[in-house]
Every structure is written in structure tokens, then in C-alpha cells.
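The first chain written gets the first letter, and so on, giving A, B and C; residue counts start at 1 in each chain.
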Amino acid sequence: MKNKRNILYANIREIGLIAVIILLSFFVQYRSGGSFITAENINDILVETAVLAILSVGMMMVIITGGIDLSIGATMALAGMIGTTVLKNNQNLNPLIIIFIAVLVGALCGLINGLLVARLNVLPIIATLGMMNVYRGITYLVSRGSWVLQSDMSKEFMAIATNRFLGINNLIWITIIIYCIGYWFMNYTRKGRQIYAVGNSMESAKVSGIKTKSVLVMVYTLMGLIAGLGGILYVCKYAASQGETATGYEMNVIAACVLGGVSISGGVGKVQGVLLGALLFGALNNALPLMHISPFFQEALRGLIILLSIIINAVIQRRVTKKSLERRSENEQ
Amino acid sequence: MNSNEGLVRNIEYERKFSLKRFLFQWEWLLVLLLVVINLINIRLSPNYWDFDNLMSAIQMFLDKAILVFPMMLVILLGEIDISIASTMALSAVIMGVSYQSGIPMPAAIMISLLIGTVCGLINGVILVKYKELSSMIVTLSTMIIYRGIASIILKDQAVSNFPDWFQYFGWGKIGNIPFILFFFIIEALVFTYLVHKTPFGRKVYAMGNNIVTSRYSGLKNDKIKIIIFTLNGIFAAIAGIFLTSKMGSTRPNIASGYELDVIAMVVLGGVSTSGGKGKVGGVILSIFVIGLLRYGLGLINVPSQTIMIIIGALLVVAVAIPNLKNSLRAFNKMNIFTKK
Amino acid sequence: MDEIILELNSITKIFPGVKALDNVHFQLRRGEIHALIGENGAGKSTFIKIITGVHEPEGGEIYLNGERVKFKNPREAQEHSIAAIYQHGTCYPYLSVTENIFMGHEKVSKHLKLIKWKEMHKQAKDLLESLGSDIDPRKNMGDLSVAERQIVEIAKAISTNAKIIIMDEPTAALSKRECEQLYAITEKLRDNGASIIFISHRLEDMYRLASRVTVFRDGKYIGTWDVNEISNEKLIAAMVGREITQVFPKKSIKKGEEILRVENLSRTGYFNDISFSLNRGEILALTGLVGAGRTEVCECIFGIEKYNAGKIFFENKEVHIHNPLDAMNLGIGYLPEDRQKQGLFLDWEIYKNETISTLDQFTKAFTLNPKKEQRKAKELSEKISVKAVSVFDKVSSLSGGNQQKVIIAKLLNSDLKVLILDEPTKGVDIGAKAQIYKIISDLAEKGYGIIMVSSEMPEVLGMADRIVVMRNGRISAVINSEEATQELILEAAMKSNTNSNE
């Protein structure tokens, strides 16, 4: 019985998120005259949110180590641009190769970030702020100011984002696979647990013999890799690649992570939570136009979500600490 | 052992001039860079060293430069503020909309300053009330919120029919010298004094060096933090006024990416991101280094996106090099040990 | 049986400005519990860090099982089956107890290298149970009490099959019941084949557990004895090394009127119902074991933290102190416990450190006058004999004692009536210690009221007019200096002041 209660407490955030999603869905359904909870709309939400969800896994890892990565939007754009430019000039290439190239580009970008943070001790926000501009600039250079359009992409490539397998869109399958891999990695491998260790206490991790610098480099490289994947899927889905692609996307990803219970100070974060956070964010994005709220509101809403989430997290944490202090003083009596 | 030491009598209290210490300063590197950039620019454009041309070149980056001094205070504290460009946009947009709805322009300008103050104040108060939150994430979220509000207000429109005299801020001259340069010079003088000669400046360095000791020494940490973030907001509004005046119009997406340049100027100027180190002189030099670098690159028609790459890389390098120096020093020390 | 498993010979360790260890020796026999005793600053912690590979000694050798070894880092010591248990050990607060125990050597499946959680949790549970503890290994480490965390640390040591276990002041923050539990665990460890070095400065721990005891004093090796061969007095004499009265300046109490009084001060989770008063010219020692709550009380008086209940009276008027500036304006000054992290700006010059609290004195028309600061710093530093060449010397280059004097100089520049000194001579060499005692004594004579937080028995007995002993967040005894003895103080510091049914 005590076990059941413990499990409840351990997963309270996820349960809360599910509750909010359900409540939100009913609310929007009511307000929008029934157009929210339909099979088609739900499929739309899932497909729209797929890329966001994929990226959130990577960002979660970075934030758990106490860092942040503002450059992922630019990495997405760069990977997408290089991938589609290669595609434009080699229409017969197997789309999987294009994806592979994009992933490689992303990983390289992430590797640079990781080296800056881990080996040169540059603050993550400064390193990724600077590199964001570098990667974005390179994207423009590669694109030479023009767009890669649908007509430049092969049918096989475009099919990645539109095909269905067993009735479910490819992108959703990819998201599911990434999450399974993510869950397995973060919870069942040593390297995954080392990420948590570094985020909980860098000092303790060093004493435990963990190569903290390598862990940091790995985390940023993985983030870049995932951003590369997300980038190519993004341009595939929207059938366009240009210099401005995914500008500001990192904010969405950070919002999804923070909603999903990842603590900005590091050490805390669950794959399940991040998935739900991304879903909630995607649902909100979908719901707003249905309730006739203009898209111009969305940006401010995004920022507000982040701000409120971190403040609420802080307030809850204070209460928890207060309770444990009270418990401590009771034990002393 | 030495419990019967004689009383110490002759501690020195006048600083001896050390040539080595004088020469080994980061600022000299910046002077060198400045000279090199100017030489290259002269090479690239024979008209470069003409007074009027130089003035118009400087005018192009001075609106950013206005933001640099208050940002220096933020980074001296060991914090960061990436919301300044959004504050610029929001205060300028509200100014435009106020004017459009009939409020006289001088009052609209006042409103803009008020908005900037409020934006900065919000940052400061949140950071002080919730000390467990880092300035990184708080200013990240306000950055999104402020620009978002600007979008809500003005959507994708622009306000552009400002009164003629409003141009004076961005384009006016006093004698031969642009008004904005005057403002910059006065601002530079005021901040130099503030940072290096007043108790307030000393306290900022103290907080950046060791915030715990500052607290135990009786410093009003919270008040100083709020003041500095509010100052950032006010000057963001001022910069917004100058930018709007220069461009003759305002829209929600102005000043996009400004925070990168401003932070780069501060950090290249020798201010450490961990706080407590740096001098105004270096920052002034680095403003001109980056500003004239941009100008020079523009002279040879380097596309703005490539300039983006260069500035981004410059920011990263400016932070990484001092760290590289430290790692090398530690590395050397280790070698000495193993040689034994 | 009598085989020597670990031996250290002629170990010397030097830090900038201080010789922490001077030619010390140590021998650990297989299967014994060997107590290492000494006062604060005797060098015990440094010694342990050498055994565990955190520091490398400047001189001397280490022999493990007869073979010469050199540890370049903690990992190497761990690989040689040496484990240390500190009070504030390595800890991952948001990870489970199981993970804290096994981090770095998790159990993984053979082929896929997947972590076997069920098995690890079970093993963790078994380990904890073998130590007599019922902690649920799935709980987060951060939710445990200090005593529980210590038990987890011990479980961690066992899980690495450590043969040599070092316990650094494990009983410092424990209640009586928790101490008994710890004793039982320690004996069990020995019975299972480990050899244990037990560091403490509580003699009861030693009598209860150890077969032999080694004494360090001021970084030097004093001697090793069988526990049942040496008397209490001889042991204390070995620890202290000299007649206590000689070190401390003679002072006469000219007690003035009451200057500070706290009534029923409480802060949830830290201390409860604290009441005492301080008079001008009086030195009040606030002592007790680590974790008793002494520093927390002082922090509330000084305005660093908020208290939940109670009142503070200054010069007989009730006051509300919300921040350090309020306290200083009233006339209360504080010398923090951790001088490097809380008391000094290490990168700064001496004069800047000394003037930071009183910048108004050097400001005219919003302008600082550095020359005036430097002159004043010279004056202050010379008055209390800060050993430095110039006021431009960086504080980081000074010895511990001189750093302490810089902070005192900073305090003296303010107009204060009460001084709270938290461990004023921690990490300070003998010569500077004596100077600091003289300074404190002079200040009391000038009419300052002084609260001195201290864990060092000699200085408590030698300096204080009254001694307040705290234990587990409460006042356990108030003793006048005439009646005070080490035993009385220690007993008050350790006894449980509720009924003994714990």
C-alpha cells in the first residue's frame, strides 16, 4: 500500500500533465464546437508535434547536465539545408542517405558545442548563442539566398514525411522509436545514468571516476545529432528549406522540456515527462487557432509557459524543503 | 614558533608602478586589434578616414553601443540578460502605438522609457524573489514574452509616420558630431565614473567576485541587482528610441539579434562571464573593434550572414581564449611537478 | 592477526603558508579498529586525504600490504580497496539510494550491458539490512537524514569490497541512538574482515570501539597506544600538549550592562527555543558538536537567515533584523565560519577587503577615495599585526591567521558593540592563534560583547566567561567559567536532553 502511494508521488508530474491534457482537450472541444477531438485533428497534432518531441529528448539531456543549447534551431536549418541541397543536385539518391548526411552535420555542430563547453569551459549559453549565429550564417551561405523547394526534392524523399505505415504516419513512428531508444538509454545504460550523475553533482561524479568532460561532449553531440535528424524531417514535412528555417525553434523545445518537469538547474528529468510536455505544447499550439486566438499570441504564451513553469517548480521545491525541515525537527523531539 | 613576532610597523600603502603589470593587460590587445582593423579598412576604402564617412560608420553601431554599458554591469555581476533586444522592441512598439493613437510624441517617448523600466524591473524582481532561478532562463523567457507582447500589439504592421523632429535622435548633429555620438560619449563618461570611481561600482565588483561575502559584508545585494537589471531596461528603451528614429519606423521584430553583438562587445572587452573582472576602457575599445569590423566587412560587401558567423565565432573565441590561457598555465604547472 | 596492512612513514604535506603534516607515522593492523584522535587543525583530515589519494604528500612513503604504493587520484586508492566515509560524502540528491551506492560500478547484464535495477535494488536493500538499517533504497538520497546518508555511505564502502575503511568524524551529528547504531555497524564491518581507521575527537567513541589510538597534534605524530593502557589525562595531555592556561591572555571580567539578548529563538529544522544574554565586556562561548546549530543561531542574529519564532533584544529594546546591514547598523558584527567563502574576496587586495563594509567613510560626493582607503587599511592592519608587505597584497597570498586578521580589521573599522566570531582560530597556526586571542581579549576589555563559536575545548575553557553548550538545536547547558571542565562540556554536548527512551 505504501508502495502504491510512493509510485503516485514519484510520477505525480506525469499524472498532472496527462490530467491537464485531458482537461484542456475537453475545454477546447467545447469552445471550438467539437473540432478538437477528432481522429483527423489528433493525427495532425501528433504529426505536428513529432519533430518537437524528437528534439526535446536531446534538449532534456543537455538541460539535465545543467546546460542549455540555443543553437538547435540553427543546427536544424543547417542540416536540413545541406541535406536538401545535396538532394537537389542528386535526385536519385536514396533518401536515407540524405537523412544520414543531415544527422552527420548535426552531430558535428553538436560536437563543436560540446568541446567548447567541456574543454574550453565556455558557459553553455554563450557558446550556443555564438554558435547559433555561426551555424545560421553558414546555412545562409550554403543556400546562397535561395530556397530549396518541393520541386527540388525527390518523391521518395518527400514520402518520408507523408507515408504511413500500418496507418500511422512515419513521423509518429520515428518519434516512438526515438523515445524508446531514449528511455532505454537514459534508464538502462551506464552512460545514460552518468548524465544524471554529472547533472546532480559534478564533484561527486568526478570522485566516482566518471569522465565528466566526455559525458558533456557526448550530450551536446547527441543533441546535435538529434537536431540534424529533426531538421531534415522538418524540411521534409514542410517541403521547403531556407535560411530562416526553424528560427526560434529552440524556445519551443525548451518550453516542452520545462513543462515536462526537466529542472533547469540540472539533475532532474524524465523521458516520459518530456514526451507529455511536448504533447501538451503541441496540443496548445493546435488549440489556439481553433479557439480563434491569433498566432501572434503564441509567442508570448510560449514565454509565459516557460516562466510560469520554472517559478511554480521553484515554489514547489521550497515547499518540499520546508516539509522535510519540519519532519527533521519533529524527529528531533 | 613565531608567537613573539614584533608588531608590524611598515606596511606599504602607496602602489608602486609595475611596468610588467601595466603592459600585460587585455586592453592592449584590443588597441592592437583596433589599429589593425582601421589599417585594413583604410586599405579597402580610400575614403574611410574621411571625417564624415567615419562619423556615419560609427553612427551605424552606436545604437547597439548604448546597450553595452549597462550590460557590462550585468555581466560584472556574473549574470546575463538576453532580453534587451526584446525590451527595445516592446518599448519602441508601445511608443509608436501611443503616438499613433493621439498621444503627443514627447509623452510617447516618456512612455517608452517607462516600459523599458518596467521590463528591466520585472527581470530584477523575479531574480531577487526566486534566487534559485538563473538569470539565463528568466531573461530567456522574458525575451520571448516581451517580443511576443510587441507582436500582439502591432502584429506584423509598422508605425512610421513620426514627427519630423523625431529624426533628430538618430540623425541630428551638434556641430559636426552626431547627436547619438554625444549621447554615447556622455554615457561612456558617466559609466566609467560609476564603475571605477563610486562605491556602487566597487559593490558590483564585490558581488561578482563573491556574492556570499558581499552579503556577509552588509552589501544590499538585492537592491543592487534590481537597479542593474532596471538600468538595462531603461537603456534598452533609449536604444529603441534611437533605432526607431534612425529607421523612421518601428515594428515588433526590430533589433533582432542585438543581444549577440552587445554581449560580444562586453565579453571581448575583457569582462569575464564569471563576474568581478573587467574594465570600462576595454569595453569601449571592443565596441569600436566590433563596430568597425562590421563596417569594414560591409565595405567589401561581405554578406550580412557571413558577418553573423564572424561575430558569433568572435564571441565564442573571446570567452574561450582566457580559459585556454588558464588551462595552459595549469598544464605547465603539472609538467613542473612530474619533472621532479 | 598482528599483520600490518597499511603503513605510512614520515609523511609531510605542505600547503601554501602552512605545514599541515610534519613527518607523521601511522600503522594499521589487519582487522583492528584504530582511532585517530586530535584537535581541530591537528591534521587528521589532511592525513585521510593522503591515504585516499586526494592529495600527494611532499615527503614520506605509503605501504599497502608491505608494498610501496603511490596514489595519484582517488580512483587509484579505491582500486586498492580503500574507502573513506565523510560526513558530507559524494551524493546525488535526486537519484535513488541504490544509485548512490552503485554509481560508477553498476550491475549490468552480460551482453547488452543493461542495468539490472531489480538486482541492484535488492543488493542495496541487503547491504543496508546487514548494517541494521531499514532505509528504502528506492528513496531519493536527498530525502534522507544526515545519519541515514552516512549509513548509505558505509553501504557504498562495503559494496566496493573495501578492506580499509576510514570514517571521518561519523558521530559528529548523530543522536545517541544513531551513535549506538553506528557503533554496531562499525563492529560488524570489522567482524567481516575490514580494518578501520576511526577519526574523532570524542573520547567515548574511542573507548567504545578502538583497540589502539594514535594522537596527532599540530600536524605532528605524538604517539600510539593501546586503548586500555593509556589514561584519560595522559590522552588529553597528548592532544593538547601544553598546560592550557599558558596560551591564553589573562583577563579580568569587567562585565557591563546587557547588550544583547535572545528569547525563545527558533528556526524550524535547525534550532529550537534558544535563549541567552550577552553583556558588555563578556566573552560568551557557544559550543557543541558539529551540527548542533550554533552557526545557524548566529546567522539569524546577524540577519543572514530568518527565524520562525522568538525575539531579539539589543540594548534592551526589541529589534527586527532582516539583513546583515540591519545588524551592522545596530552594532553587531560577524566573523564567518568559512573565511574564504564567506569572509573574504580572495582575488582582491587587502585594503579593498578591509573597507568594503564601510565604504561611506571613504566616499565624498559619490566618489571613492582609494588613497584614503589604503591609508586606513595600513593603519588597521598594523594595529592588529597583519603580516603583509603592502596593503596591495592579494588576500589569497596570506596565511590563514593573517586572513582572519584582515576580516577582523574590517570589522574593527565599523562602529560595533557586539562581535560574533565563528571558529576564529580554525586552520590558524599557533603564533597567529595567540595573537588572535590577545585581540579578542583586548576587545572584550574595551567593552565589546563577544560571542565566540568554537569547537576547540582549550580555547573555550581559556577564553570564555560563560559557556553555552548546544546539542541538536537546543541549549543543553550554560556553564560559568569557574565551574567549567572539559568533561562537563563534552557531556552536555553529547547527552540527550529529552528522556533517554530514544
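As a working rule, contacts are C-beta pairs under 8 Å (C-beta built on N, C-alpha and C of every residue); 3 or more make two chains touch, one makes a residue touch a chain.
Because the structure is a prediction, the values reported are computed rather than measured.
Enquirer: Classify the chain contact graph as line, ring, star, complete or other.
Expert: Basically all the chains touch each other, so complete.
Enquirer: Can you check which chain pair, A-C or A-B, has more C-beta pairs in contact?
Expert: A-B
Enquirer: Rounded to a whole Å, what is the gap between the Cα centroids of chain A and chain C?
Expert: Distance between chain centres: 45 Å.
Enquirer: Rounded to the nearest whole Å, what is the centre-to-centre distance of chain A and chain B, using the mean of the C-alpha atoms as each centre?
Expert: Here the centre of chain B sits 31 Å away from the centre of chain A.
Enquirer: Quick check on the complex: what are the chain B residues that touch chain C?
Expert: Where chain B meets chain C, its residues are 1-3, 5, 7-9, 11-15, 197-199, 201-203, 206, 209-210, 212-220, 276.
Enquirer: Any idea which chain B residues touch chain A in the complex?
Expert: Going by the criterion above, the answer is residues 80, 82, 126, 130, 132-134, 136-138, 140-149, 151-152, 155-156, 257, 259-260, 263-264, 267, 273, 303, 305-316, 319-320, 323-324, 327.
Enquirer: What residues of chain A sit close enough to touch chain B in their complex?
Expert: My answer: residues 68, 116, 120-123, 125-127, 129-134, 136-141, 243, 251, 254, 264-265, 294, 296-304, 306-307, 310-311, 314, 317.
Enquirer: State the interface residues of chain C toward chain A in the complex, per the touch definition above.
Expert: Answer in residue numbers: 74-75, 78, 90-95, 99, 103-104, 106, 108, 113-115, 117, 138, 143, 145, 175, 268-270, 272, 472-473, 498.
Enquirer: In their shared complex, at which residues does chain A touch chain C?
Expert: 6, 184, 187-190, 193, 196-197, 200-201, 203-205, 207-210, 267-268, 322, 324-326, 328-329, 331-333
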